[in-house]
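Heads up, the next two complexes both have chain A, just with different partners, chain B and then chain C.
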Partner chain A sequence: MSTTDSGGSRTGGFVFCCDQAIANKRRGARKGFIFSLDLAIALITVLLMLNLALLHFNEEKESLLAGAKKSELQKNALLLADSLVKNNNAENPLLGAAFFDNEKHRVLSNVVQKELLREAQADSFGGWHAQALSLKTKNGAEETFFAEEKQAGKDCVAVERFVIAGTEKALLRVAACEE
Partner chain B sequence: MRSNGLYFTADALLSLLLLSALLALPAQQQEADWSQLLALQKENDLLKIWAAEGMPFNEVEIISDAQFVFPGSGMKITLDGKEIPLGAETGSAIASEIIFFDSGMQKHTIQLAVYR
Partner chain C sequence: MNGKREKRFFGAAQAQLEALICIAFFIAMLGALLHSLGQAKQAADAAGEALQAKSNALLCCAAVDSTYSNSAAGLLDEELHCTAESGMMLSSAGEKTKEADCIAPGIKTAQNSGKTRIEVTLNEHYR
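So, the complex of A and B:
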(Lines of atoms letter the chains of each structure in order from A and count residues from 1; the text may use other names and numbers.)
(Lines give C-alpha, C1' and ligand atoms only; values in the text may rest on other atoms or scores of the structure.)
Protein backbone atom coordinates (compact mmCIF):
# COMPACT_ATOMS: atom_id res chain seq x y z
CA MET A 1 0.00 0.00 0.00
CA SER A 2 1.32 3.37 -0.86
CA THR A 3 0.26 6.70 0.22
CA THR A 4 0.72 10.07 -1.35
CA ASP A 5 0.00 13.39 0.02
CA SER A 6 -0.25 15.65 -2.98
CA GLY A 7 -3.76 16.87 -2.49
CA GLY A 8 -5.05 14.40 -5.00
CA SER A 9 -7.47 11.61 -4.60
CA ARG A 10 -4.82 9.08 -4.15
CA THR A 11 -4.73 8.16 -0.61
CA GLY A 12 -4.28 4.46 -0.83
CA GLY A 13 -4.19 1.63 -3.29
CA PHE A 14 -7.62 0.34 -2.34
CA VAL A 15 -9.21 3.77 -2.50
CA PHE A 16 -7.44 4.48 -5.77
CA CYS A 17 -8.87 1.29 -7.14
CA CYS A 18 -12.41 2.22 -6.20
CA ASP A 19 -12.09 5.79 -7.34
CA GLN A 20 -10.75 4.60 -10.66
CA ALA A 21 -13.58 2.14 -11.05
CA ILE A 22 -16.16 4.80 -10.29
CA ALA A 23 -14.48 7.20 -12.70
CA ASN A 24 -14.45 4.52 -15.39
CA LYS A 25 -18.08 3.74 -14.79
CA ARG A 26 -19.05 7.37 -15.07
CA ARG A 27 -17.06 7.77 -18.24
CA GLY A 28 -18.70 4.69 -19.68
CA ALA A 29 -22.12 5.98 -18.79
CA ARG A 30 -21.38 9.27 -20.55
CA LYS A 31 -20.07 7.40 -23.59
CA GLY A 32 -23.14 5.20 -23.63
CA PHE A 33 -25.46 8.15 -23.33
CA ILE A 34 -23.77 10.06 -26.13
CA PHE A 35 -23.64 6.99 -28.36
CA SER A 36 -27.33 6.29 -27.79
CA LEU A 37 -28.26 9.86 -28.58
CA ASP A 38 -26.27 9.84 -31.80
CA LEU A 39 -27.75 6.49 -32.74
CA ALA A 40 -31.24 7.82 -32.08
CA ILE A 41 -30.59 10.86 -34.24
CA ALA A 42 -29.20 8.67 -37.01
CA LEU A 43 -32.21 6.34 -36.85
CA ILE A 44 -34.62 9.26 -36.99
CA THR A 45 -32.71 10.62 -39.96
CA VAL A 46 -32.91 7.31 -41.78
CA LEU A 47 -36.64 7.02 -41.13
CA LEU A 48 -37.12 10.56 -42.36
CA MET A 49 -35.21 9.71 -45.55
CA LEU A 50 -37.39 6.68 -46.16
CA ASN A 51 -40.55 8.70 -45.59
CA LEU A 52 -39.42 11.43 -48.00
CA ALA A 53 -38.50 8.88 -50.64
CA LEU A 54 -41.89 7.13 -50.37
CA LEU A 55 -43.79 10.42 -50.56
CA HIS A 56 -41.81 11.51 -53.59
CA PHE A 57 -42.27 8.24 -55.46
CA ASN A 58 -45.99 8.30 -54.75
CA GLU A 59 -46.32 11.81 -56.15
CA GLU A 60 -44.32 10.85 -59.25
CA LYS A 61 -46.57 7.85 -59.78
CA GLU A 62 -49.72 9.99 -59.66
CA SER A 63 -48.20 12.51 -62.05
CA LEU A 64 -47.19 9.83 -64.54
CA LEU A 65 -50.64 8.21 -64.41
CA ALA A 66 -52.37 11.52 -65.11
CA GLY A 67 -49.99 12.19 -68.01
CA ALA A 68 -50.64 8.77 -69.50
CA LYS A 69 -54.43 9.29 -69.30
CA LYS A 70 -54.17 12.67 -71.01
CA SER A 71 -51.96 11.22 -73.72
CA GLU A 72 -54.42 8.36 -74.33
CA LEU A 73 -57.29 10.85 -74.67
CA GLN A 74 -55.30 12.92 -77.19
CA LYS A 75 -54.54 9.81 -79.23
CA ASN A 76 -58.20 8.78 -79.27
CA ALA A 77 -59.34 12.26 -80.32
CA LEU A 78 -56.83 12.26 -83.19
CA LEU A 79 -57.95 8.83 -84.35
CA LEU A 80 -61.63 9.81 -84.21
CA ALA A 81 -61.04 12.96 -86.29
CA ASP A 82 -59.02 10.95 -88.79
CA SER A 83 -61.78 8.37 -89.11
CA LEU A 84 -64.36 11.14 -89.53
CA VAL A 85 -62.63 12.65 -92.57
CA LYS A 86 -61.40 9.45 -94.19
CA ASN A 87 -64.30 7.03 -93.85
CA ASN A 88 -67.91 6.85 -94.90
CA ASN A 89 -70.25 5.33 -92.33
CA ALA A 90 -73.93 5.97 -92.91
CA GLU A 91 -74.90 4.01 -89.77
CA ASN A 92 -72.66 6.00 -87.46
CA PRO A 93 -71.61 9.21 -89.23
CA LEU A 94 -69.46 10.19 -86.24
CA LEU A 95 -67.05 7.51 -87.40
CA GLY A 96 -67.13 8.50 -91.06
CA ALA A 97 -68.66 11.47 -92.83
CA ALA A 98 -66.48 11.53 -95.94
CA PHE A 99 -68.11 11.70 -99.33
CA PHE A 100 -68.43 8.43 -101.22
CA ASP A 101 -67.93 8.91 -104.93
CA ASN A 102 -70.15 6.37 -106.68
CA GLU A 103 -68.48 6.98 -110.03
CA LYS A 104 -64.99 6.37 -108.70
CA HIS A 105 -66.28 3.78 -106.19
CA ARG A 106 -64.20 5.18 -103.40
CA VAL A 107 -64.29 7.59 -100.51
CA LEU A 108 -62.88 11.06 -101.08
CA SER A 109 -60.74 11.90 -98.08
CA ASN A 110 -61.25 15.34 -96.56
CA VAL A 111 -64.43 15.92 -98.53
CA VAL A 112 -67.26 15.63 -96.02
CA GLN A 113 -71.03 15.53 -96.41
CA LYS A 114 -72.93 18.01 -94.27
CA GLU A 115 -75.95 15.74 -94.36
CA LEU A 116 -73.98 12.97 -92.69
CA LEU A 117 -72.48 15.39 -90.17
CA ARG A 118 -75.96 16.56 -89.19
CA GLU A 119 -76.90 12.96 -88.44
CA ALA A 120 -73.86 12.41 -86.22
CA GLN A 121 -74.55 11.97 -82.53
CA ALA A 122 -72.44 11.94 -79.40
CA ASP A 123 -71.11 8.50 -78.60
CA SER A 124 -69.21 6.82 -75.80
CA PHE A 125 -66.18 4.61 -76.42
CA GLY A 126 -65.43 3.22 -72.98
CA GLY A 127 -63.51 5.65 -70.79
CA TRP A 128 -64.02 8.60 -73.15
CA HIS A 129 -66.74 10.06 -75.37
CA ALA A 130 -67.20 12.49 -78.26
CA GLN A 131 -68.39 15.69 -76.61
CA ALA A 132 -68.86 18.07 -79.55
CA LEU A 133 -68.73 18.28 -83.34
CA SER A 134 -68.75 21.52 -85.30
CA LEU A 135 -67.75 23.03 -88.62
CA LYS A 136 -66.24 26.49 -89.11
CA THR A 137 -65.98 27.79 -92.66
CA LYS A 138 -63.40 30.25 -93.99
CA ASN A 139 -65.97 33.02 -94.17
CA GLY A 140 -66.61 32.66 -90.43
CA ALA A 141 -69.88 30.75 -90.43
CA GLU A 142 -70.02 28.08 -87.75
CA GLU A 143 -72.39 25.14 -87.45
CA THR A 144 -72.53 22.90 -84.38
CA PHE A 145 -73.86 19.42 -84.98
CA PHE A 146 -73.89 18.34 -81.36
CA ALA A 147 -72.41 19.61 -78.13
CA GLU A 148 -72.81 17.93 -74.76
CA GLU A 149 -72.28 19.70 -71.49
CA LYS A 150 -68.69 19.45 -70.36
CA GLN A 151 -68.38 17.67 -67.02
CA ALA A 152 -66.43 19.51 -64.36
CA GLY A 153 -63.04 18.05 -63.51
CA LYS A 154 -62.85 15.97 -66.69
CA ASP A 155 -60.16 16.54 -69.29
CA CYS A 156 -61.18 17.35 -72.87
CA VAL A 157 -59.18 17.51 -76.09
CA ALA A 158 -60.29 19.21 -79.33
CA VAL A 159 -58.91 18.32 -82.76
CA GLU A 160 -59.40 20.26 -86.00
CA ARG A 161 -59.07 18.99 -89.56
CA PHE A 162 -59.18 20.93 -92.82
CA VAL A 163 -61.98 19.71 -95.09
CA ILE A 164 -64.18 20.61 -97.98
CA ALA A 165 -67.84 20.60 -96.88
CA GLY A 166 -70.10 20.99 -99.85
CA THR A 167 -68.39 23.74 -101.81
CA GLU A 168 -66.76 25.48 -98.88
CA LYS A 169 -63.42 24.96 -97.21
CA ALA A 170 -63.76 24.59 -93.46
CA LEU A 171 -62.23 23.36 -90.24
CA LEU A 172 -64.02 20.34 -88.81
CA ARG A 173 -63.65 20.34 -85.03
CA VAL A 174 -64.28 17.33 -82.82
CA ALA A 175 -63.90 17.35 -79.04
CA ALA A 176 -63.33 14.26 -76.91
CA CYS A 177 -63.64 14.16 -73.13
CA GLU A 178 -62.81 11.54 -70.54
CA GLU A 179 -65.65 9.94 -68.63
CA MET B 1 -16.87 6.54 -28.88
CA ARG B 2 -18.21 10.08 -28.66
CA SER B 3 -16.48 10.98 -31.89
CA ASN B 4 -17.72 7.73 -33.49
CA GLY B 5 -21.26 8.69 -32.65
CA LEU B 6 -20.73 12.11 -34.14
CA TYR B 7 -19.39 10.62 -37.36
CA PHE B 8 -22.32 8.24 -37.51
CA THR B 9 -24.79 11.11 -37.30
CA ALA B 10 -22.83 13.14 -39.82
CA ASP B 11 -22.96 10.21 -42.24
CA ALA B 12 -26.70 9.94 -41.85
CA LEU B 13 -27.16 13.66 -42.42
CA LEU B 14 -24.93 13.55 -45.47
CA SER B 15 -26.97 10.66 -46.84
CA LEU B 16 -30.14 12.64 -46.23
CA LEU B 17 -28.76 15.58 -48.17
CA LEU B 18 -27.70 13.34 -51.04
CA LEU B 19 -31.07 11.62 -51.16
CA SER B 20 -32.87 14.97 -51.10
CA ALA B 21 -30.75 16.14 -54.03
CA LEU B 22 -31.59 12.97 -55.98
CA LEU B 23 -35.29 13.24 -55.22
CA ALA B 24 -35.30 16.87 -56.30
CA LEU B 25 -34.41 15.76 -59.83
CA PRO B 26 -37.60 15.58 -61.92
CA ALA B 27 -38.58 12.16 -63.12
CA GLN B 28 -38.38 11.54 -66.86
CA GLN B 29 -41.92 11.58 -68.15
CA GLN B 30 -42.37 9.60 -71.31
CA GLU B 31 -45.37 11.35 -72.83
CA ALA B 32 -46.09 11.06 -76.57
CA ASP B 33 -46.18 14.39 -78.39
CA TRP B 34 -49.45 14.17 -80.30
CA SER B 35 -49.36 17.84 -81.27
CA GLN B 36 -46.70 17.09 -83.89
CA LEU B 37 -48.83 14.35 -85.42
CA LEU B 38 -51.83 16.69 -85.52
CA ALA B 39 -49.77 19.38 -87.27
CA LEU B 40 -48.62 16.78 -89.80
CA GLN B 41 -52.20 15.64 -90.42
CA LYS B 42 -53.39 19.22 -90.99
CA GLU B 43 -50.50 19.83 -93.40
CA ASN B 44 -51.46 16.70 -95.32
CA ASP B 45 -55.09 17.87 -95.43
CA LEU B 46 -53.99 21.13 -97.05
CA LEU B 47 -51.69 19.42 -99.55
CA LYS B 48 -54.35 16.90 -100.56
CA ILE B 49 -56.92 19.60 -101.18
CA TRP B 50 -54.47 21.81 -103.09
CA ALA B 51 -53.42 18.89 -105.28
CA ALA B 52 -57.07 18.00 -105.90
CA GLU B 53 -57.76 21.58 -107.03
CA GLY B 54 -55.08 21.08 -109.65
CA MET B 55 -53.33 23.54 -111.89
CA PRO B 56 -52.80 26.42 -112.21
CA PHE B 57 -51.86 27.22 -108.62
CA ASN B 58 -54.07 29.89 -107.05
CA GLU B 59 -51.44 31.43 -104.79
CA VAL B 60 -53.85 33.80 -103.05
CA GLU B 61 -56.22 30.95 -102.20
CA ILE B 62 -53.35 28.71 -101.10
CA ILE B 63 -51.95 31.36 -98.77
CA SER B 64 -55.42 32.05 -97.41
CA ASP B 65 -56.01 28.33 -96.73
CA ALA B 66 -52.66 27.93 -94.96
CA GLN B 67 -53.27 30.93 -92.73
CA PHE B 68 -56.76 29.68 -91.94
CA VAL B 69 -55.48 26.29 -90.80
CA PHE B 70 -52.35 27.56 -89.01
CA PRO B 71 -53.21 31.05 -87.79
CA GLY B 72 -50.26 32.97 -86.41
CA SER B 73 -47.67 30.35 -87.41
CA GLY B 74 -44.63 30.99 -89.55
CA MET B 75 -44.75 28.93 -92.75
CA LYS B 76 -43.05 28.39 -96.09
CA ILE B 77 -44.96 27.14 -99.10
CA THR B 78 -43.07 25.96 -102.16
CA LEU B 79 -45.01 25.58 -105.41
CA ASP B 80 -42.93 23.83 -108.09
CA GLY B 81 -39.78 25.36 -106.62
CA LYS B 82 -41.19 28.83 -106.05
CA GLU B 83 -40.92 29.70 -102.36
CA ILE B 84 -43.57 31.72 -100.59
CA PRO B 85 -42.52 32.63 -97.05
CA LEU B 86 -45.27 33.50 -94.59
CA GLY B 87 -44.33 34.92 -91.22
CA ALA B 88 -41.22 34.23 -89.18
CA GLU B 89 -39.18 31.14 -90.03
CA THR B 90 -37.75 30.46 -86.60
CA GLY B 91 -37.35 27.30 -84.61
CA SER B 92 -37.93 23.79 -85.81
CA ALA B 93 -40.41 22.98 -88.58
CA ILE B 94 -42.71 20.16 -89.55
CA ALA B 95 -42.72 19.78 -93.31
CA SER B 96 -44.72 17.77 -95.80
CA GLU B 97 -44.59 17.38 -99.54
CA ILE B 98 -46.99 16.16 -102.18
CA ILE B 99 -46.21 15.17 -105.75
CA PHE B 100 -49.02 14.97 -108.26
CA PHE B 101 -49.56 14.86 -111.99
CA ASP B 102 -51.89 17.13 -113.85
CA SER B 103 -54.13 16.16 -116.77
CA GLY B 104 -51.17 16.52 -119.14
CA MET B 105 -49.07 14.14 -116.99
CA GLN B 106 -46.82 16.99 -115.90
CA LYS B 107 -45.29 16.46 -112.49
CA HIS B 108 -45.91 19.11 -109.84
CA THR B 109 -44.68 19.47 -106.29
CA ILE B 110 -46.07 21.36 -103.34
CA GLN B 111 -44.13 21.61 -100.10
CA LEU B 112 -45.41 23.04 -96.87
CA ALA B 113 -43.30 23.73 -93.79
CA VAL B 114 -44.86 25.03 -90.59
CA TYR B 115 -42.53 26.49 -87.98
CA ARG B 116 -43.18 25.91 -84.28
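So, the complex of A and C:
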Protein backbone atom coordinates (compact mmCIF):
# COMPACT_ATOMS: atom_id res chain seq x y z
CA MET A 1 0.00 0.00 0.00
CA SER A 2 1.44 3.37 -0.83
CA THR A 3 0.45 6.94 -0.61
CA THR A 4 1.42 9.68 -2.87
CA ASP A 5 1.71 13.36 -2.21
CA SER A 6 0.55 15.98 -4.51
CA GLY A 7 3.84 15.71 -6.36
CA GLY A 8 3.13 12.07 -7.21
CA SER A 9 6.17 10.56 -5.47
CA ARG A 10 5.69 7.57 -3.24
CA THR A 11 6.07 8.29 0.42
CA GLY A 12 6.42 5.92 3.26
CA GLY A 13 3.62 3.46 2.48
CA PHE A 14 5.55 0.64 0.83
CA VAL A 15 8.68 1.27 2.88
CA PHE A 16 6.61 1.41 6.07
CA CYS A 17 5.09 -1.95 5.18
CA CYS A 18 8.48 -3.62 4.83
CA ASP A 19 9.83 -2.12 8.05
CA GLN A 20 6.71 -3.29 9.90
CA ALA A 21 7.15 -6.83 8.62
CA ILE A 22 10.77 -6.93 9.71
CA ALA A 23 9.82 -5.47 13.11
CA ASN A 24 7.14 -8.13 13.56
CA LYS A 25 9.57 -10.89 12.67
CA ARG A 26 12.10 -9.65 15.21
CA ARG A 27 9.37 -9.39 17.84
CA GLY A 28 8.48 -13.00 17.23
CA ALA A 29 12.12 -14.09 17.59
CA ARG A 30 12.34 -12.37 20.98
CA LYS A 31 9.48 -14.48 22.35
CA GLY A 32 11.96 -17.28 23.31
CA PHE A 33 12.10 -21.07 22.78
CA ILE A 34 9.02 -21.76 24.90
CA PHE A 35 6.98 -20.70 21.98
CA SER A 36 9.08 -22.60 19.56
CA LEU A 37 8.64 -26.11 18.28
CA ASP A 38 11.86 -27.40 19.87
CA LEU A 39 10.39 -27.96 23.31
CA ALA A 40 7.30 -29.63 21.86
CA ILE A 41 9.43 -31.98 19.75
CA ALA A 42 11.62 -32.80 22.76
CA LEU A 43 8.55 -33.58 24.91
CA ILE A 44 7.01 -35.76 22.24
CA THR A 45 10.28 -37.66 21.83
CA VAL A 46 10.57 -38.29 25.57
CA LEU A 47 6.97 -39.50 25.79
CA LEU A 48 7.46 -41.77 22.80
CA MET A 49 10.57 -43.31 24.33
CA LEU A 50 8.76 -43.89 27.64
CA ASN A 51 5.88 -45.52 25.80
CA LEU A 52 8.23 -47.81 23.87
CA ALA A 53 10.01 -48.80 27.08
CA LEU A 54 6.69 -49.63 28.78
CA LEU A 55 5.56 -51.70 25.79
CA HIS A 56 8.84 -53.61 25.86
CA PHE A 57 8.53 -54.34 29.57
CA ASN A 58 4.96 -55.53 29.09
CA GLU A 59 5.99 -57.91 26.32
CA GLU A 60 8.84 -59.25 28.45
CA LYS A 61 6.40 -59.86 31.30
CA GLU A 62 3.96 -61.77 29.04
CA SER A 63 6.81 -63.86 27.66
CA LEU A 64 8.05 -64.74 31.15
CA LEU A 65 4.53 -65.70 32.27
CA ALA A 66 4.04 -67.98 29.27
CA GLY A 67 7.44 -69.59 29.87
CA ALA A 68 6.67 -70.19 33.54
CA LYS A 69 3.32 -71.82 32.70
CA LYS A 70 4.99 -74.06 30.15
CA SER A 71 7.64 -75.10 32.67
CA GLU A 72 4.99 -76.01 35.20
CA LEU A 73 3.11 -78.12 32.65
CA GLN A 74 6.34 -79.90 31.66
CA LYS A 75 7.09 -80.66 35.29
CA ASN A 76 3.61 -82.09 35.78
CA ALA A 77 3.79 -84.24 32.64
CA LEU A 78 7.23 -85.59 33.64
CA LEU A 79 6.12 -86.51 37.14
CA LEU A 80 2.91 -88.14 35.84
CA ALA A 81 4.92 -90.32 33.47
CA ASP A 82 7.29 -91.12 36.34
CA SER A 83 4.44 -92.20 38.59
CA LEU A 84 2.87 -94.25 35.76
CA VAL A 85 5.96 -96.40 35.19
CA LYS A 86 7.03 -96.75 38.81
CA ASN A 87 3.81 -97.48 40.69
CA ASN A 88 1.23 -100.23 40.57
CA ASN A 89 -2.22 -98.80 41.25
CA ALA A 90 -5.20 -100.96 40.24
CA GLU A 91 -7.66 -98.30 41.41
CA ASN A 92 -6.17 -95.56 39.27
CA PRO A 93 -3.93 -97.09 36.60
CA LEU A 94 -3.07 -93.63 35.27
CA LEU A 95 -0.98 -93.16 38.41
CA GLY A 96 0.52 -96.63 38.35
CA ALA A 97 0.61 -99.21 35.56
CA ALA A 98 3.86 -100.91 36.45
CA PHE A 99 4.01 -104.67 36.62
CA PHE A 100 3.77 -106.25 40.08
CA ASP A 101 5.89 -109.36 40.47
CA ASN A 102 4.02 -111.69 42.81
CA GLU A 103 7.02 -113.95 43.20
CA LYS A 104 9.33 -111.15 44.27
CA HIS A 105 6.50 -109.24 46.02
CA ARG A 106 7.53 -105.99 44.48
CA VAL A 107 6.76 -103.59 41.70
CA LEU A 108 9.04 -103.73 38.68
CA SER A 109 9.71 -100.14 37.64
CA ASN A 110 9.66 -99.34 33.93
CA VAL A 111 7.90 -102.64 33.17
CA VAL A 112 4.29 -101.79 32.31
CA GLN A 113 1.18 -103.94 32.14
CA LYS A 114 -0.89 -103.41 29.01
CA GLU A 115 -4.01 -104.57 30.84
CA LEU A 116 -3.63 -101.78 33.39
CA LEU A 117 -2.85 -99.24 30.69
CA ARG A 118 -6.08 -100.16 28.89
CA GLU A 119 -8.00 -99.39 32.08
CA ALA A 120 -6.37 -95.98 32.47
CA GLN A 121 -8.65 -92.98 31.96
CA ALA A 122 -8.10 -89.29 31.48
CA ASP A 123 -7.99 -87.43 34.77
CA SER A 124 -7.91 -83.82 35.89
CA PHE A 125 -5.47 -82.48 38.47
CA GLY A 126 -6.82 -78.98 38.98
CA GLY A 127 -5.06 -76.64 36.57
CA TRP A 128 -4.17 -79.37 34.07
CA HIS A 129 -5.29 -82.81 32.91
CA ALA A 130 -3.92 -85.93 31.24
CA GLN A 131 -4.95 -85.61 27.60
CA ALA A 132 -3.60 -88.75 25.93
CA LEU A 133 -1.80 -92.03 26.66
CA SER A 134 -0.32 -94.32 24.03
CA LEU A 135 2.26 -97.06 23.61
CA LYS A 136 4.41 -97.54 20.52
CA THR A 137 6.29 -100.79 20.16
CA LYS A 138 9.58 -101.34 18.39
CA ASN A 139 7.92 -102.77 15.27
CA GLY A 140 5.95 -99.53 14.80
CA ALA A 141 2.58 -100.66 16.11
CA GLU A 142 0.92 -97.97 18.23
CA GLU A 143 -1.90 -98.46 20.68
CA THR A 144 -3.78 -95.44 22.04
CA PHE A 145 -5.42 -96.01 25.41
CA PHE A 146 -7.22 -92.71 25.60
CA ALA A 147 -7.01 -89.42 23.72
CA GLU A 148 -9.15 -86.42 24.50
CA GLU A 149 -9.77 -83.65 22.06
CA LYS A 150 -7.26 -80.88 22.44
CA GLN A 151 -8.90 -77.58 23.39
CA ALA A 152 -8.10 -74.60 21.21
CA GLY A 153 -5.79 -72.07 22.78
CA LYS A 154 -4.63 -74.43 25.53
CA ASP A 155 -1.01 -75.46 25.75
CA CYS A 156 -0.03 -79.16 25.78
CA VAL A 157 3.16 -81.06 26.54
CA ALA A 158 3.98 -84.67 25.67
CA VAL A 159 6.55 -86.83 27.47
CA GLU A 160 7.95 -90.11 26.17
CA ARG A 161 9.62 -92.84 28.19
CA PHE A 162 11.22 -96.11 27.25
CA VAL A 163 9.47 -99.00 28.94
CA ILE A 164 9.15 -102.74 28.66
CA ALA A 165 5.62 -103.82 27.75
CA GLY A 166 5.30 -107.54 28.25
CA THR A 167 8.55 -108.73 26.74
CA GLU A 168 9.26 -106.06 24.18
CA LYS A 169 10.69 -102.56 24.35
CA ALA A 170 8.24 -99.77 23.75
CA LEU A 171 7.82 -96.03 23.91
CA LEU A 172 5.20 -94.78 26.33
CA ARG A 173 3.78 -91.36 25.48
CA VAL A 174 1.92 -89.23 28.02
CA ALA A 175 0.35 -85.93 27.01
CA ALA A 176 -0.78 -83.27 29.47
CA CYS A 177 -2.72 -80.10 28.67
CA GLU A 178 -3.62 -77.04 30.69
CA GLU A 179 -7.23 -76.40 31.55
CA MET B 1 16.49 6.28 23.96
CA ASN B 2 13.86 5.60 26.61
CA GLY B 3 12.07 3.39 24.16
CA LYS B 4 15.18 1.29 23.62
CA ARG B 5 15.81 0.99 27.35
CA GLU B 6 12.26 -0.12 27.89
CA LYS B 7 12.62 -2.75 25.21
CA ARG B 8 15.82 -4.05 26.79
CA PHE B 9 14.22 -4.13 30.25
CA PHE B 10 11.18 -6.08 29.15
CA GLY B 11 13.35 -8.39 27.04
CA ALA B 12 15.48 -9.32 30.06
CA ALA B 13 12.42 -9.81 32.26
CA GLN B 14 10.87 -12.05 29.66
CA ALA B 15 14.03 -14.15 29.47
CA GLN B 16 14.08 -14.55 33.26
CA LEU B 17 10.43 -15.56 33.27
CA GLU B 18 11.08 -18.16 30.59
CA ALA B 19 14.01 -19.53 32.56
CA LEU B 20 11.85 -19.80 35.70
CA ILE B 21 9.09 -21.58 33.81
CA CYS B 22 11.61 -23.97 32.30
CA ILE B 23 13.16 -24.79 35.67
CA ALA B 24 9.74 -25.31 37.25
CA PHE B 25 8.71 -27.59 34.42
CA PHE B 26 11.95 -29.55 34.69
CA ILE B 27 11.51 -30.06 38.44
CA ALA B 28 7.91 -31.17 37.88
CA MET B 29 9.04 -33.71 35.25
CA LEU B 30 11.76 -34.95 37.58
CA GLY B 31 9.24 -35.42 40.38
CA ALA B 32 6.90 -37.33 38.08
CA LEU B 33 9.77 -39.54 36.94
CA LEU B 34 10.88 -40.32 40.51
CA HIS B 35 7.30 -41.14 41.49
CA SER B 36 7.00 -43.50 38.51
CA LEU B 37 10.24 -45.21 39.48
CA GLY B 38 8.92 -45.71 43.00
CA GLN B 39 5.72 -47.24 41.67
CA ALA B 40 7.70 -49.50 39.35
CA LYS B 41 9.86 -50.68 42.26
CA GLN B 42 6.78 -51.54 44.32
CA ALA B 43 5.31 -53.52 41.43
CA ALA B 44 8.61 -55.32 40.89
CA ASP B 45 8.82 -56.26 44.59
CA ALA B 46 5.28 -57.66 44.50
CA ALA B 47 6.09 -59.65 41.37
CA GLY B 48 9.23 -61.00 43.02
CA GLU B 49 7.21 -62.21 46.00
CA ALA B 50 4.68 -63.90 43.71
CA LEU B 51 7.48 -65.63 41.82
CA GLN B 52 9.09 -66.81 45.06
CA ALA B 53 5.77 -68.21 46.34
CA LYS B 54 5.07 -70.03 43.06
CA SER B 55 8.60 -71.45 42.90
CA ASN B 56 8.32 -72.78 46.46
CA ALA B 57 4.93 -74.38 45.72
CA LEU B 58 6.29 -76.07 42.57
CA LEU B 59 9.37 -77.28 44.44
CA CYS B 60 7.22 -78.78 47.20
CA CYS B 61 5.00 -80.52 44.64
CA ALA B 62 8.03 -81.96 42.86
CA ALA B 63 9.39 -83.31 46.15
CA VAL B 64 6.01 -84.82 47.10
CA ASP B 65 5.39 -86.38 43.68
CA SER B 66 8.91 -87.82 43.53
CA THR B 67 8.39 -89.31 46.97
CA TYR B 68 5.12 -90.88 45.79
CA SER B 69 6.58 -92.24 42.53
CA ASN B 70 9.57 -93.84 44.22
CA SER B 71 7.66 -94.99 47.31
CA ALA B 72 10.24 -93.25 49.42
CA ALA B 73 9.27 -94.19 52.94
CA GLY B 74 10.87 -92.27 55.78
CA LEU B 75 11.40 -88.73 56.83
CA LEU B 76 12.70 -86.15 54.45
CA ASP B 77 14.41 -83.76 56.78
CA GLU B 78 14.40 -80.72 54.62
CA GLU B 79 12.64 -77.47 55.23
CA LEU B 80 9.82 -76.84 52.79
CA HIS B 81 8.03 -73.53 52.84
CA CYS B 82 4.62 -75.00 51.99
CA THR B 83 1.42 -76.39 53.42
CA ALA B 84 -0.81 -79.07 51.91
CA GLU B 85 -4.47 -78.38 51.20
CA SER B 86 -6.91 -80.40 49.08
CA GLY B 87 -4.23 -82.08 47.03
CA MET B 88 -2.40 -78.81 46.41
CA MET B 89 0.69 -77.26 47.90
CA LEU B 90 0.36 -73.67 49.09
CA SER B 91 3.27 -71.34 49.64
CA SER B 92 3.43 -67.74 50.78
CA ALA B 93 6.03 -65.02 50.32
CA GLY B 94 5.29 -61.60 51.67
CA GLU B 95 1.66 -60.89 50.91
CA LYS B 96 1.44 -63.30 47.97
CA THR B 97 0.15 -66.87 48.24
CA LYS B 98 0.51 -69.26 45.31
CA GLU B 99 -0.54 -72.87 44.79
CA ALA B 100 0.61 -75.81 42.73
CA ASP B 101 -1.30 -79.01 41.81
CA CYS B 102 0.33 -82.27 42.84
CA ILE B 103 -0.13 -85.74 41.36
CA ALA B 104 0.15 -87.72 44.61
CA PRO B 105 -3.40 -88.43 45.75
CA GLY B 106 -3.04 -88.33 49.52
CA ILE B 107 -1.03 -85.44 50.91
CA LYS B 108 -1.79 -83.58 54.11
CA THR B 109 -0.20 -81.33 56.66
CA ALA B 110 0.37 -82.86 60.08
CA GLN B 111 1.98 -81.85 63.34
CA ASN B 112 4.80 -84.08 64.50
CA SER B 113 7.19 -83.41 67.38
CA GLY B 114 6.17 -79.80 67.44
CA LYS B 115 6.95 -79.36 63.75
CA THR B 116 4.66 -79.02 60.78
CA ARG B 117 5.24 -81.91 58.38
CA ILE B 118 3.78 -82.97 55.05
CA GLU B 119 2.54 -86.56 54.93
CA VAL B 120 2.33 -88.45 51.66
CA THR B 121 0.30 -91.63 51.32
CA LEU B 122 2.52 -93.99 49.36
CA ASN B 123 1.74 -96.73 46.91
CA GLU B 124 3.96 -99.44 48.34
CA HIS B 125 6.41 -101.03 45.95
CA TYR B 126 7.09 -103.95 48.25
CA ARG B 127 4.01 -105.90 49.40
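Keep this in mind: the second predicted complex is superposed on the first by the 144 of 179 C-alpha atoms of A that agree within 3 Å, B and C clash if a C-alpha of one lies under 4 Å from a C-alpha of the other, contacts with A are read in each partner's own complex, and residues count from 1 in each chain.
Going forward, a contact is a pair of C-beta atoms (placed from the backbone, for glycine too) under 8 Å apart; a residue touches a chain by one contact, two chains touch by 3 or more.
Just so it is clear, the structure is predicted and the values come from calculations on it, not from any experiment.
For the composite obtained by overlaying on chain A, chain B and chain C can both be accommodated side by side without a clash. Set against each other, chain B and chain C touch different numbers of residues in chain A, with B touching more.
Contact with chain B, but none with chain C, is seen for A:Leu171 once the two complexes are overlaid on the shared chain.
In the superposition on chain A, A:Ala42 makes contact with chain B only, while chain C stays out of contact range.
By the touch criterion defined above, A:Asn89 reaches chain C but does not reach chain B.
Contact with chain C, but none with chain B, is seen for A:Leu80 once the two complexes are overlaid on the shared chain. Look at A:His56: by the touch rule set out above, it reaches chain B but stays clear of chain C. Once both complexes are placed on a shared chain A, the shortest Cα to Cα gap between chain B and chain C comes to 9 Å.
When the two complexes are superposed on chain A, the residues of chain A that touch both chain B and chain C are 30-31, 34, 68, 75, 82, 109. For chain C in complex with chain A, the touching residues are 11, 14-15, 18, 21-22, 51, 54, 58, 61-62, 65-66, 68-71, 87-88, 100-105, 123, 125-127.
The touching residues of chain A, counted against chain C in their complex, run 30-34, 68, 72, 75-76, 79-80, 82-83, 86-89, 92, 95-96, 100, 105-107, 109, 125-128. Chain contact summary for the complex, chain B toward chain A: residues 1-2, 4-6, 8-9, 11-13, 15-16, 19-20, 23, 27, 29, 31-32, 34, 37-38, 41-42, 45-46, 48-49, 64-65, 68-69.
The residues of chain A lying in touch with chain B in their complex are 30-31, 34-35, 37-39, 41-42, 45-46, 48-49, 52-53, 56, 60, 63-64, 67-68, 70-71, 74-75, 78, 81-82, 85, 109-110, 138, 159-164, 169, 171.
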